[in-house]
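Chain naming follows the written order as A, B and C, and within any one chain the residues start at number 1.
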Amino acid sequence: MTNKDPILEVRNLSVHFGSGDDLLKAVDEVSFHIGHGETVAVVGESGSGKSISALSLTKLAPRAATYAGGEILFGGQNMLSLSDPELRKIRGSQISYIFQEPMVSFNPVFTVGWQIEEALKLHRKGIDRKKEVNRLLDLVHLPPRLAPSYPHQMSGGQLQRCMIAMALACSPELLVADEPTTALDVTVQREILNLLAELSKEVGLSILMITHNFGIVGDLADRVYVMQKGKVVEEGSTDRILYHPQHEYTQQLMAAVPRLHPPSK
Amino acid sequence: MNPLLKVEKLNVIYGRGHHALHAVKNVSIEISSSEILGLVGESGCGKSSIGKTIIRLTDPTSGKILFKGTDVSSLQGKALKTYRQEVQMVFQDPYGSMNPRIKVGNAIVDVLSVHGIGTSKSERMEQVVDLFESVGMQADWIYRYPHQFSGGQRQRICIARALALSPDLLVADEPVSALDVSIQAEILALLEELRSSRKLAFLFVSHDLAVVRNLCDRVAVMYNGEIVETGSVADVIDNPQHEYTRKLLAAVPSF
Amino acid sequence: MATKKGQSLWGDAWLRLKKNRLAVFCLGLVLFFTALAIYGEGVYRYHDIRDITPAYQETNLDLAHQPPSADHWMGTDGLGRDVMARLVQGVRIAFMVGIITSLIAIPIGVLLGCLAGYYGGRVDDFIVWLYNTFASMPGLLFILAIAMVVGKGLVGIYLGIGLTTWVGICRLVRGEVIKHKDQSYVQAARALGLSSGRIIFKHILPNIMHVIIITFTLRFPAAVGTEVVMSFLGIGVQGEPSWGLMINSARMRLWQGMWWEMTFVTLAVFLLVLAFNLLGDALRDALDPRLND
């Protein structure tokens, strides 16, 4: 399933906010890599820098951030040295994102079909867009008749599927999913997780999953990076991290996770 | 044994006519003193409406709410105020439920003076310090403003505020779902401790079955305004009877 | 879940607007006024080219101060001119003032507001400084100054009103853009690889369109009002009958019992303002797909 040759490699990435006394090292010398078709999870609590790391991959971090060092190697180039127009060509076409709250990640005044088309318009010229929208909706198991619906007419789960359809519009190599199911009910979350697992298997998509939920990690990820205060404190295969955590912080986290079926009490 | 709270055939309907929403349908639950009842379900299932109706933020459409044997479902004015000393609520978003411009200690002193507890400001301040210490906060933090605390600390303050009137029942609506997992564990431990030290009963409203499993004695599973299954947490989670409960359990990502 | 046929934003808005009877009535009224304005323009041009005095300008003192009759439905004024014909010419002036000043003020306000709101930082500082400077000057004085430079007449009115009223729109648009640029859908659009220009004008602007439309419908009658004041001060419309001039002259004779000129002109102003305001309200609702489902 996994290929040794990474499609994305982050080396000693540092992202800072502010300067002088107010300097915040949101991401501090972080390194990680993602292989072809691999699903990698980055877990941590709020403020650990996991989301900023994910956004930094295509330099989408908030304006106040400075990229203080390191490199992000993707497709033979260092993303940090690319210009904005060059980055725009990669965003959405080679590296796509899905975000935490599908309800607000869509523009409320356009239909979802229009918004999926927009992604196609931007990166793929000369195709039958209506047909392609239908194919994409089908890929995420939504009926094509939903295309002319507005975001507020759809449920959270349907919207997250549309979000995934939009992200897949240009057959990206890497999908970055930033807490994609946190805002959803548990049964809907299950459907979305199954969909992601299916896509990773069938389309060979590489997925970078940002989450705070160890259950999701166990379900989906091949490898895990644990982040705390801007640093990666532990990395390893999912089984190793979940069942034999080495670092003290990982052990604390694992102990705090409420279990549905406690081992023994 | 006489239950502390007994809800009988409760119905809550919002709006009327064409737009009426039947949020709670014929719900009956019981909570004994120092018992923790979990109320689980997905968004829109009516679990929060039940909590709000019990503390009388929402009026029931029909049904009875018996607290210590008296029906509180239609209390008004002074009687309602007295009832609210005995039943308090903690919300999901602690920051949203605090006034950002009032020092946290003063906010609790206000609660005490509104309900005529204590005779002087200094006496009330002492009580606030005691409350702060009982929820694991430092005494001198009472002079700080809400924004100077972390999410977990704010939830502790909200719990302290709810405890100020020495209630017998605390309705906690998703009190830990906005918190990180390690902070969540600390707050859950605090609730557990309060239950034994103060003989406090809880209605713990949550969407998280794993949290309910670790904290509650009994659980009621809600779907579409109705309670589909009740029982001890171990029974319901290890041996679910209703189809919806099974579906819910199967969906929880775990390892 | 509703899955009705959706098309473009404006197509859907039109479908929703059609369901609102009052809005359709107001739209009809606005279109009626528009037709009158175009007719008025035609009459003006026709007489201008042939260099003849149009009927609404012809004075006939024998017919002065006649109440409404079969010949003159709205009566005649102090110089014996037909009030109805002059009223129609007044619509023409009102529309020219309302539309041309909007064509000047709205693009300036929207463009600067979008840039200030989206880019923030120095761009924002400069634009905020600019509109504060404009706002700190008393409006009417500024309009007077412009009128002095370009000369009396309509051009002075257009520039004066147009160049002073963009401030309010700019401030509103800036605030709305600031509110929207932090929303997730903007971040999602950036993650999709959209350029800043496309995000501002194709994604954020449609979301704040209702603000612009409401502003337009409110400033249209306000501009007409300013024209009335300027014409009254003698630096406005010269020669042609504007509503401002008509109200001004009718005012003098109202106490003599000559009610018709004042009544019909104010009624026209009232109807135009009301129609625009109600239509603006209905349009705002129609443009929000979350309402009226």
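Some observations on this one:
As a working rule, a contact is a pair of C-beta atoms (placed from the backbone, for glycine too) under 8 Å apart; a residue touches a chain by one contact, two chains touch by 3 or more.
Not measured: the values here are computed from a predicted model.
Compared with subunit B, the chain whose C-alpha mean position is the greatest distance off is C. Measuring from the average of all protein CA coordinates, the nearest chain centre is that of A.
Averaged C-alpha coordinates put the centre of subunit A at 48 Å from the centre of subunit C. With centres defined as mean CA coordinates, subunit B is found 34 Å away from subunit A.
Work out the mean CA point of subunit B and of subunit C, and you get 55 Å between them. Within subunit A, contacts with two or more other chains are made by no residue at all. Looking at the complex, you find that subunit A touches subunit C at residues 58, 60, 63, 85, 87-93, 96-97, 99-101, 104-111, 113, 118-119, 122-123, 145-146, 148-150, 152-155, 158, 163, 166. Within the complex, the subunit C residues that touch subunit A are 1-7, 9, 120, 183-185, 187-195, 203, 206-207, 287-290, 293. If you check the complex, the residues on subunit B that touch subunit A are 42-43, 180-185, 188, 207-211, 213-214, 237-238, 247-255. Subunit A makes touch with subunit B in their complex at residues 45-46, 185-187, 189-190, 193, 212-219, 242, 252-253, 255-262.
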